[in-house]
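Pasting a structure below so you can have a look.
Chains here go by letter, A, B and C, matching the order in which they are written, and residues are numbered from 1 within each.
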Amino acid sequence: MKKLHNLIAFIGLLSVLLLAGCGKSIASQDVLQHAKQTNTIVWGVKADTRLFGLMNTKSGKIEGFDIDMAKAITKQILGPKGKAELVQVTSDTRVPMIKGGNIDAIIATMTITPDRQKVLNFTQSYFAAGQSLLVKKGSRIHSVKDLKKGDKVIGVQGSTSVDNIQKAAPQATVLQLSDYAQAFTALKSGQGVAVTTDNGILYGMSEQDPNYVVVGGTFTKEPYGIALNKGQTNMTNAMNKAINALRKNGTYEKLINKWFGDIPGFDIKEVE
Amino acid sequence: MQNFIDAYSHVNLAYLLQGLGVTLEVSLISIAFSFLIGTLLGVARYINVKIFSAVVGFIIDLIRNLPLLLILFFTYFALPNIGLRLPVIPASIVAMTVFESAMLAEIVRSGINAVPVGQMEAARSNGLTYTQAMVHIILPQAFKAMIPPIVSQFISLVKDTSLATIILLPELTYHSQIIYGQNSNYMIPMFVALAVLYFVVNYALSLISRLISRRLSSGVR
Amino acid sequence: MLNILVNNFPELMSGLGYTLMSSLIALVGSLIIGTAFALMEISTHRWVSVIGNIYVEVVRNIPLLVITMAFYVIVPQYIAQIDGFTAGTIGLTIYTSAFIAETVRAGIQSVAVGQMEGARSVGMTYSQAMIQIIFPQAFKIVIPPLGNQFINLVKNSSILAFVAGFDLMYQGKIIANATFNTFDTYLAVGVLYLILTMPLSYFMRYLEKKWAVA
């Protein structure tokens, strides 16, 4: 008899979960309309990535190129009084969060890929990155070709760099950590021989600790786009228009120069 | 040594304490809610109303047997699917409350079980209703015995909030990670700070618990 | 949910394997370390018992994540190269050992003091009395709470996901990211955890009831 009760309870629980799955999701509302009503766009941004989105512990604010772009685009769409609300994401959490409706848009060093385009809308590319390797100064590794069997390469969960490195150096083992701060920490702890991700992010790490250098140039093309939930055509169009306007009025170039102008070894002409 | 001095700059310490504030806030709110819900669930399981108690019991068992980490993920990423868009702090509180309520329900149930059956019979024969007897006679006695396990559950809760770094709750551990993520020389000083801060809070809690239970047991005699 | 289970069966099973392996290693390790510290705690030598107490109090009051991360990022830089799985398992072992020490200590102390005195007075040494008289009695008292510690261990092993330890949670996160289907993935992962923990938990309740009557 007790067993029967358990069974009933289990079925009950499952059906609650299933019903929950079919409920009306916030993610399916028109985010442009919603943003105009609340005068706010909720952006998912990185807080652990120097140059793009990094927490300033003094002010408690996140700073970086992605952040400035998010604010500029918000003002472009909602007018000068429009608010950009910043929610921290990692490569690991950003897709579940936009699918769940925690955020309206992702501007977080996110590469436009065909796989992601199946489930997300992307704007035009706003930054042309490429994947590279970060190693300790004096490492025997000078490019992807030097990665041997047994070498551990550190990547970040949910980023394209993990798939790319598995293709470019199938003999190496990939360790996937939650965010870039942990990935860089793991490299310094000797958990792997290299961190692999996009050059812009790696230059940020090397700027923080010059004992680590970016080697071997880029071996992929990683165009960054702003991601929205599938079907959010109105907001996607509005953002594309906003990016065009920022390129035309010089804001875009000013921001690129502000963040990447003095990075040694970084060619700003390549990324625009 | 220089690393320690630099790591414990005003800015960094303030940032760490701000994280500790969130840790305590989330823990306190969650334990308060869990205490209420846990008591209700514990009583519901105890009173043994056929299907109802079995269902409640089964749900409690399910939750108790899942990793908190999984519940955190679920709350943050799945609740919006049913129209509940929670910012990270409320989401963490909900997840902690769900988990802790199940844990506390078990504590409450065994606390009630420990009260001699004669107490209920005596109260009923004096004309109290079942609910009155439960609220005025049984639960107060049960709570006394439950204080130590509840406090140790609270200590677990304070420690477990660190798991919410994975959904980027801006609590103590996450703030320390942000600090040593920016300068890896600060790694060891940050771990020392974490150990000290967590220890001080939790040890203080366990001392308070010992004090209370000593007071109560001497009061009885 | 079934889709996720079927399509990612090898990864999930490998994750389940790592979760189990880590939990079992940590169980054995923490039983040994925990019992050792329990004996230290009740030792009649003051300093030995103080050290035992300090260990237990310190470890119990620090989050598992902090202990594990310390092993993952600090130990490799200064002491020895250990990977995420090892760091996570060591973290689990140390963390759990403090709780096991408390459980075992309580178990031993609940065996009446007279038992030790009686055994000593018939000519047994302290360790003979401990092993032949006290342990067997304490064992029954300690088994149910130890079982609960093991269930906690299985759940806590999800900490490996933080340090790329290849466990069930880690695989779940990777699958959720690859399939973009978070809801179903975590549902599947949850069911797999329950398959490990639920039978254990019911078995422990059964033992508790059975021995409570006896």
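In this section, a contact is a pair of C-beta atoms (placed from the backbone, for glycine too) under 8 Å apart; a residue touches a chain by one contact, two chains touch by 3 or more.
None of these values were measured; they are calculated from a predicted model.
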item	value
Longest centre-to-centre distance from subunit B, chain (CA-based)	A
A-B or A-C, whichever has more C-beta pairs in contact	A-B
Inter-chain centre distance, subunit B versus subunit C - centres from mean C-alpha coordinates, in Å	20
Intercentroid distance (Cα basis), subunit B paired with subunit A, Å	33
Mean-CA-position distance for subunit C and subunit A (Å)	36
Two or more partner chains touched - positions in subunit B	62, 77-78, 81, 166, 187
Multi-chain contact sites of subunit C, meaning residues that touch two or more partners	73-74, 162, 182-183
Shared-contact residues (touching 2 or more other chains) in subunit A	21, 96, 99-100, 178, 182, 185, 188
List of subunit B residues in touch with subunit C within their complex	61-62, 64-70, 73-74, 77-78, 81, 155, 159-160, 162-163, 165-166, 173, 187-188, 191, 194-195, 198-199, 202-203, 206
Of all residues in subunit B, those that touch subunit A in their complex	11-12, 15, 18, 50-51, 54-55, 58-59, 62, 76-83, 85-88, 166-168, 170, 175, 177-184, 187
Complex contact set, residues of subunit A against subunit C	17, 21, 92, 95-96, 99-100, 119, 157-158, 175-178, 182, 185-186, 188-191
Of all residues in subunit A, those that touch subunit B in their complex	2, 5-6, 8-10, 12-13, 20-21, 23-27, 47-48, 50, 54-55, 57-58, 60, 87-90, 93, 96-97, 99-102, 178, 180-182, 184-185, 188, 208-209
Subunit C to subunit B touching residues, read off their complex	57-58, 60-66, 69-70, 73-74, 151, 155-156, 158-159, 161-162, 169, 172, 182-183, 186, 189-190, 193-194, 197-198, 201-202
